[in-house]
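Before we start, here is the structure in question, set down as structure tokens.
Labels for the chains are A, B, C and D, by order of writing; each one numbers its residues from 1.
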Amino acid sequence: MLSLNRISKNYKIGTFGGKDFTAVRDVSFELAEGEVVSLIGESGSGKTTVGKMILKLIDISSGSIVLDGVDVSTVKGKDVKGYYRQVQGVFQDPFSSYNPIFKADRVFSLIRVEYFPEMARSEWDDKVEAAVRAVTLDPGQVLNKYPHQLSGGQLQRLLVARALLLDLKVLVADEIISMLDASTRIDVLNLLADLKSRGMGILFITHDLSLGNYISEKTVILRHGVIVEMGATEKVFGNPTHPYTRMLISSVPQLHKKWAQIESELAAPIAGRGGCLFHEAYPLAGRTADSKDDPTLAKIEDNHFVGCFELESEKTARVA
Amino acid sequence: MRRYFGRKLLTYAITFFIAATIDWLIPRLMPGDPIAGMMQRTGGGSTLSPEASAAMVQYYTNLFGLNRPMWEQYLGFWTSLFHGDLGLSIFGHGRAVTDTIMAAVPYTLGLLIPAILLSYWLGNSFGAVAARRKWLDNSILPIGYLLTATPYMWLGLMLAYIVGFTFRWFPLSGGYGFNLEPALTWLFISDLIAHWFMPFFSLFLVMLGGWAIGMRNMIIYELESDYSRYLEALGAPQRLVRKYAFRNAMLPQITGLALQLGVIVAGALVTEIVFSYPGIGQLVFNAIKSEDYFLLQGIFLFIIIGVLAANFIVDIVYVIVDPRTRVAMRGGTA
Amino acid sequence: MSLQVNDLKVYYRTLAGDVKALDGATFSIADGEIMGLAGESGCGKSTLGNSLIRLDGRMKYVGGSVTLDGAEMPIWDKQAMVPFRFREVSVVPQYAMSAMNPTRKIGVMIGELVESRGLPYKQIKVELGRRIDVVGLTQDVLKRYPIELSGGMKQRMVMVISTLLNPSLLIADEITSALDVSTQRAVAETLVSFRDHGFVKSMMVITHDISILYQISDSILIMYAGKLAEKAATSRIIQSPMHPYTQMLVASLPEVGVRYVDKKLTGIPGSPPSLLTPPTGCRFRARCPLAYAKCAEEPPFVEVEPDHSVACWKVPGPNA
Amino acid sequence: MTSVNLPSDSAGNTVTAPETQTDAVAAPSKKSQHEVLYFALRSKKFIFAVAVLGFLVLLAIFGPIIDSNDPLAQTLGVNTPPSTDPGYWFGTTTFGEDVFAQFVNGLRATFFVGLLGGGIASLIGMSIGFIAGYKGGWVDELLNMVTNVFLVIPTLALLLVISSYLQRSWPEARGVFFESIFVGVTAWPWAARAIRAQTFSLRSRDFIDLAKLSGRRGLKIIVFEIAPNMSSYLMLTFILLFGNAILIAASLDFIGLGPTSGMSLGLMMFNAVSWAALLLGTWWWFVPPGLGIMATVGALYVMNVGLDEIFNPKLREL
């Protein structure tokens, strides 16, 4: 349904420096209907940039994003609205997502003004109520309130409900639960997982591996704008192969396993080498990283790809 | 760093270019014919000697010569500008505008520089002190607001009236006594200072209020900042917390100085007029009265150059004082 | 017994009235103990942490006592607290990234801070250098400005500064929440090493992330709506919690390995009560599946087994 | 509504409170308005400033009606000190003009310059600030350059040259109206800068992205999403520009470039100095105009601080 083909994003940075900065490089993956793909990365990995490129909030420097055969970057002017009918986003900070001086349900009114100006008031109200109920909220409790009168969890769910008012195919959920309390975040996460049954494709962007692991079918691990490992979630987590993936998994604080134990359970990692973006953080490599070449993603098993030079020799298929 | 200053210099160059062009354009854009008016008056020759008058007529013909195409006039304007030739002054009895201005500049700078530096230093100190105690805050703040809201010339007038007219402590007008010739004698210097004091003091007072308020607001903001909270959490004495807050609050004040320069110069001009102090302001006043456009345009360019230079100095000072800009310019390591 | 807190009450003054953010806390931290303090946002955990070192302008001491190493701390008196700060009790604040004066070189700032507390900088310099090594920084950080350090470096530097005078108690307030998983682990492990090196005797680690506490703390104190809910050894809290709130909280946390398709986790329905007018009786009553008539009375926070205290009528204990 | 408490409409406080004109979709926050009202009524600074401005406005409106003397008519006794006789309340000038009549008429001109000049400056500053801050990129760079150029040009010097030429070639332009326009066109740069910075920080907020995802673009986002959030800030900006315009105009008048017909406070001081009021000791000629300007601008500044404390919870005392 949605496919990213070698997309990259370059920025000019520095008020004084004028340097080039590549936030995302050659990222390719696909998102199918009724599928949750989690895009996992630490700060600066470019995960949010990928999400914003899909949402057309920033331009793509190179590569293409294709939705049902249509190149998204060619969608211009009035057609953008049509695109947003199918693709929507929810962001990290629920309080920053609402204009603080307006009531929270203004996010719905905006959709009505822009997309359903013809619809009768009562019909629209029914539609909103249905959407609010679909995200397990009580319309009487949440409508007609100011953002500061609602909890973070309620606000995020309202944003999901807002997206449901449209004929949504793809939802980009960028860190949408990382600012919520532990007691409510899992419910919002479950809500996302339930949306799959409506045939929606969800890009779940997160830095939290356990959350990605919990809801997604497919996992993409991003580091410094480059995919280092991706594949079926159970394979990436069951057989983490790239040294970076391993490092991440061994750093996740777990509830029933101490760090030392997790580390000992992971078998000896493969060695990296010069040119790999992970090199400088990975002492086993021992070579200088002056090459801009990235290792290509190698297929190490069905539905599991890893970007590491050590694996290139034995790769069976080249992706991207 | 080079890029930063390069950018700044570019802005200043463009500013100067635009200002100079405006300066050249204004007389040509204005309805009516200013030259005709000027010729009419200079032709009368009441204030000028015949030779000077002839020289000026010649000059006008050259500069405004409408027989020449516009671009040539414009180019000629820049050429003479680079030669420091700003024309001749009617008010200066045919003297070169540049010379007339240069004679007035020391007086204006003599007012401005001490007034700016002293008010900046004292005002910031007052502001910092005000932020410390409630009663000080309640007394310094209203005074500060009144001072900044006072028109420069009015404070000058009030000072002149009270100190000069009523008590006769200081002379009311001029740069030095009519009966004196400039010389390096004690008599002359003391007279110079006596004439200097009131215009200086009135400029100083108005500015003082602005700095005090700015610093007070800044420092309150800094005292709420995270590094202040951390210092307090570690039991650092108020003395240290305030010292840090003061240092950090100084930085935006430097930028404030740059932003205020135009206003300050304007304040100096009107203050000089009040005291008939022989600086640029008085020159402007006379130029307007005698409709001496060359002089006025020359002064305009001169003020622009002065303000641009001062801005550049402030830019340099800021980079020296704020380590953050310095680090950012080095490219940073973070 | 290092820290002993007795019925401590600290309120927040607001326009609408006092917010009873900390409404009676009684607990202790033993020498060498790392105690985790966890709960939802707004439960009063940061208020508790702050009140032990510095009440900010809007906080109001209402009652109770705090004893550190046998000496009572006058937490209501800003000035009288000064001798305790830094030397006896210290803090690594939530805002560690911006805690250092941006216009002073770090070494100079430390020198001025230490001397202002009556210690010659020379005397402390060797130890300072040693500790910079311990946290894995290089000596030249002292000659740098804060802006020249990365987020993780700043965090570690602040940890070094805060513990320089070997305080008895260190309060670490949400110091890992803004960090990436990899740095999070390093910072958390540094905390433990500080205790092991004897830089601090005991520690209070405030966080909303219970899995971090599982990794590093000896005991965990769970707060709910300004009250203490449960305190016990870490393993007890994670494996066999007694308070229904703790049980539901722990059960709602996804872990690597737990997947939506296999096991759907659930959150805690409802949201915490307003602390402006907190309900009488057990404050968790409205969200508690076990609530019954008796919960209209406030349950005491009592020790139900050695080193395990709970505030719940349903928990069999001495006064059940 | 905030306007209920503000008798001083002409001081500009209620002219265009942006909340009242936002799109129909949204109702402004009732709660926050109540809060503003609550603090406004308790802010001594605000009430004091409103009282002073209110008094001056009334004086400007009704003064010329009460004292119907022509401010330029030379019909009274010369250099008479203030007394309770009609026509001599503030004394007379060297030419036998009524100083009180000059003062109240000048006050009118002062408020006019503040309103129009400050209004024009606000309009330009806000437009440039909003566009630069929202668009970013090369648009920002360009507008920034323009702003910086205007920022470093000493505007008084520029106005000097322009108005002195106008004096001869287009005397009709030498009135309060054109003076206000000139002042407005040159006084905006710092406002543009400040608004740009505010816009810049607002535009990265998620609700802007969400508005885009709702199909909104450009101007609509500035007007309906960003501006309402800055309404208090915009109001403060206008108040400051109002005061600045008055001060700049007074300087121009004082240098001798004021209105050739009519009266202004700056012109009064110019006349007083030109005709040696200082040497004659006729203090009543130059004290009222300066005091009038100081009171007006001072009250505006104090109102600014008061409002800032009302809007900004951080500055409020508990």
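Convention: contacts are C-beta pairs under 8 Å (C-beta built on N, C-alpha and C of every residue); 3 or more make two chains touch, one makes a residue touch a chain.
Just so we're clear, the structure is a prediction, and the values are computed from it rather than from any experiment.
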- request: Weigh A-C against A-D on C-beta contact pairs and write down the one with more.
  value: A-C
Centre-most chain [mean C-alpha coordinates]: D
- prompt: For chain A, which other chain has the most distant CA centre?
  reply: B
- line: Whole-Å distance, C-alpha centre of chain A to that of chain C, is 32
- prompt: Per the centroid of Cα atoms for each chain, what is the distance between chain A and chain D, given in Å?
  reply: 50
Task: Please compute the C-alpha centroid of chain A, do the same for chain B, then give the distance between them in whole Å.
output: 56
Message: Using mean CA coordinates as chain centres, what's the gap between chain B and chain D in Å?
response: 23
- line: Multi-partner residues in chain D (2 or more other chains touched) are none
Statement: chain A residues touching 2+ other chains are none
Field: Set of chain C residues in contact with two or more other chains
entry: none
- prompt: Which part of chain B faces chain C closely enough to touch in the complex?
  reply: 225-227, 229-237, 239-240, 244, 247-248, 251, 322-324, 327-328, 332-334
Statement: Note: in the complex, chain D contacts chain A through residues 19, 23, 25-29, 31-32, 205-207, 209-216, 225, 228-229, 231
Message: Per the contact definition, I'd like the list of chain C residues that touch chain B in the complex.
response: 53-54, 56, 81-87, 90-91, 93, 95, 98-105, 112-113, 116-117, 144-145, 147-150, 158, 161-162
Task: Write out the stretch or stretches of chain A touching chain D in their complex.
output: 52, 55, 57, 80-81, 84, 88-89, 91-93, 96-103, 106-107, 109-111, 113-115, 146, 159
Field: Of chain A, residues touching chain C in the complex
entry: 42-43, 151, 153-154, 181-187, 189-190, 193, 207-211, 213-215, 233-234, 237, 247-249, 251-256, 258-259
